[in-house]
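Going by the order they are written in, the chains are A, B and C; count residues from 1 in each one.
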Amino acid sequence: MSRARPIERAALVVAVLVAALAVLGPLLAPHDPYAVNLAQSLQGPSAEHWFGTDVNGRDVLSRLLYGARETLPATLVVIAAATLIGTLIGTLAALGGKVLDEVLMRITDIGLSLPSIILALGLAAALGPGLRSAVIALALTWWPGYARLVRTLVREVKDAEYVDAARTLGVSRLRLVFAHILPNALGALYVQTTLDVSAVMLVISGLSFVGVGAQVPSAEWGAMIAAAANNLTNGWWAVVFPGLAIMLTALAYNLVGDWLRVRNDPTLREGAR
Amino acid sequence: MARFLLRRLITSVVVLAGLAVVTFLMTQVLPGDPARAAAGRNATAEQVAQVRARLGLDQPLWDQFLGYLGRLAHGDLGTSVFTQRPVLDDVAAMLPASVELVLAAMVINVVVAVPLGAFAAYRRGRAADTAARIVALLGMAVPVFWLGLMLQLVLAAQLRVFPLTGQLSFGHQVPRITGMTTLDGLLAGDWAALADALAHLALPAVTLAAAFVAVVARTVRSSMITTLDSDYIALARATGAGEFRVVVRHGLRNALVPASTILGMQLGWMLGSTVLVESIFGRTGIGAYAVTAVLQNDLYAVIGTVLVIGVVFVVMNVIVDLVQLWLNPRLRHTGRRRATPVAA
Amino acid sequence: MTETLLAVRDLRIAFPGRTGPVEVVHGIDLDLARGEKVALVGESGSGKSVTARAVLRLDPDARLSGRIDLAGVDVLALPARRLREIRGARAGLVFQDPLASLNPVMTIGWQIIQPLVIRGVPKRIARRRAIDLLTRLGVRDAAHRFDDYPHQFSGGMRQRVVIAIAVIAEPALLIADEPTTALDVRVQARVLELLRELAAERDMAVLLITHDLGIVAGFADRAVVMRHGRTVESGPVEEIYARPRHEYTRALLAAVPRIGGDPSRPLAVIGEGETC
């Protein structure tokens, strides 16, 4: 049951492919993504420009390839930072005693109970517009989910026999946490992080779309859509293709995450088809 | 029941306090001089000094926070640099249009997601289930703002089925009673205006709903599967109830208990997502206001929006708790007439 | 011989398995006269429950062959709509676990009147009949408890509610699948007594499914002993008690705790081991 079906294998391929394109973008891009050429403004898809050109005459395909280098790393940084903060807070809550647990979990509740896009919008506004602000703001609003999850996972593991065994052997507290508890607890975390890639990517591109994230002339996918939205009717391709890129990538990561979730949780295998 | 409500109320208060702290901190990380930002770009040095004294920016952080809380308690969210009006007035003027949009999206969400999830559960593992899963996965992957643009492109610009932007066509007018165009049209008895307002509402509402349908459908599906496998459903069948009746009358309410929690949280998230939808469709709501405020560096307007959306979110959660009490009788009677545990 | 109510002939039941259909009941014959009380006895996995559920075709996955005649109706040949008509009206069903059998989010009153409401009985009349029935089943203050929820009832009271759901449409046959297993001993006796009284008042036949020969003695007229999907023995209860012909029946009988028996005596091992 845990073997990947064709659609999941395809999703895995797409997910890896998008990452590869982000790395190799500059080598593959047929045109300079930032070269303004007003004579070529709003050309439809053609052999020369597969995905057409935007209002400034820039090649949409090339910009997409470069844009992957902004959207994907930004997403990964948010997830990495949020995971780090969440793991720290979740572990402290699980192991730090009742009072600390209560305080940290109430703070987590606050974070969980407010819409992250609004918090991120406010934070990004306070930090000043830019992709960096969007990333910081989002990392600061995304960790509570991980904190909650890590707390549960660590609490499960900390009473396990092998941890007790290590404890009786006189292993130091710090070593106990890093060498014995965390590695076992965090196994399940990567499923959630994979599932979150698409959600974070959508919010980042959304923040860029409204102008809080990546700024002109950035080729970040959300920013590309924002810049092209004014010419929606006479240059639809500059809106359609970046959107499809976001959707396809998000879909691929969702499918992979879903597959990992089912594979990791035997109770879901039945009927989860 | 009282204990349940009390616990939820305490949580709400904690969240509100946290919201106050977070927004206060936002005013603190502001690059540059908050007094100048609050006073506005064209303020004189004297005005800035006045604002500084009024906001207590020359005092210790703790006193500043208390002052901030005091102003919040009086509904003073500061003044918008951009509109030159109190932020609270701006937000109050903008909120109805957003609430209208969110409610419409929620109606679409429920009407689509609940039957979709229930049907997928009923036909589990069959083609309909797979189709529902694909719809759900697509819904979770599509960027909201892009979907809005696509609907605009195809249904408004090309096919001209719906108006492109705005809340009401030129030539129609409704009295401002609730601030929700459709409701005002209804109250005024102006059917043409109501129809026009609904046509304007359709695309943004569908756009906003799309991302949320997937999650609800999934939740309903999984809880409906558990429900349909239960003995009381078998018993309902054994008494001769038809399949539709078994699923809808006997099963749906059970399946909706977990979904109602999600739906409640989604009301808040939807209000947040208006940020991505309203500007596209030229609706003058709180989301569009927040975006403009951010782009104009109008920090107090941004923070005011964050606060109001946060408060609405908390209020929504309390309402969800009440709905849960209605849906799930077991919550209602904790403490009263304990059932004796079944032997074996 | 009185009028036959249920006649099961060569009933075979199979479920889809990984490598094709798996037959769990291999040709059962079963007869019930009107008003007769028959016990279908066997350990879990013997096929007694699926046989009972087959009478109303309650397992959609099950493949049934043979013949089931319920009050002159060929159950296995019925289209879905006609099948729904006989469910609840010709035969009612009581499951083992009363808590799981009741919908937690609906009032017990709503659940009891459903079999009537779907047959077009006005709510007001259905309500009165339900309250009368609950009172008859020993639920005190039934009118006030009508709008209570299952979690507000004790185990024994819940099983009375389930019985009320099963019999309110006045079926000629009640199939009770381990109706007392989940209840404590004193309540067990009372529930069986109620079933017996109800059967007598309404001339209702009862098919009691149980693994416990101990409760069969005071209740049923006849017993059918099943094992591994086959009938091993059947006849009047007294006869089976007095002269069990099959070794398996003797083992089941030996497992019944008796007052005055030696409590230190180990339970008899039933031959051939477990089936499930």
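In this section, contacts are C-beta pairs under 8 Å (C-beta built on N, C-alpha and C of every residue); 3 or more make two chains touch, one makes a residue touch a chain.
As the structure is a prediction and not an experimental result, all values here were calculated from the model.
J.: Which chain's mean C-alpha position is the greatest distance from chain A's?
T.: C
J.: With centres defined from CA atoms, tell me which chain sits nearest the overall protein centre.
T.: That would be chain B.
J.: Quick check: how many Å separate the C-alpha centres of chain B and chain C?
T.: The answer is 50 Å.
J.: How many Å are there between the centre of chain A and the centre of chain C, using C-alpha atoms for each centre?
T.: From the centre of chain A to the centre of chain C is 56 Å.
J.: Let me have the rounded angstrom distance from the C-alpha centre of chain A over to the C-alpha centre of chain B, please.
T.: A distance of 23 Å separates the two centres.
J.: Could you list which residues of chain A touch at least two other chains?
T.: Counting only residues that touch two or more other chains, chain A contributes none.
J.: Do you know which chain C residues sit against two or more other chains?
T.: Correct list: empty.
J.: Which positions of chain C touch chain B when the two form their complex?
T.: Those in contact with chain B are residues 56, 58, 84-89, 92-93, 95, 97-107, 111, 114-115, 118-119, 149-155, 158, 162, 165-166, 169, 181-184, 187.
J.: Show me the residue ranges of chain A that touch chain B in the complex, using the header's touch definition.
T.: Of all residues in chain A, those touching chain B are 106-107, 109-110, 113-119, 121-129, 198-199, 202, 205-206, 209-212, 222, 225, 229, 232-233, 236, 239-240, 242-243, 246-248, 250-251, 254-255, 258, 271, 273.
J.: Can you tell me which positions in chain B touch chain A when the two form their complex?
T.: 11, 14-15, 18-19, 22-23, 26-27, 29-31, 124-125, 129-130, 137-138, 140-147, 149-150, 152-153, 157, 211, 225, 265, 268-269, 271-273, 275-276, 279-280, 290-291, 293-295, 297, 299, 302-303, 305-306, 309-310, 313-314, 317
J.: Which part of chain B faces chain C closely enough to touch in the complex?
T.: Per the touch definition, chain B meets chain C at residues 230-232, 234-242, 245, 250, 253-254, 257, 327-330, 333, 336-337, 339-344.
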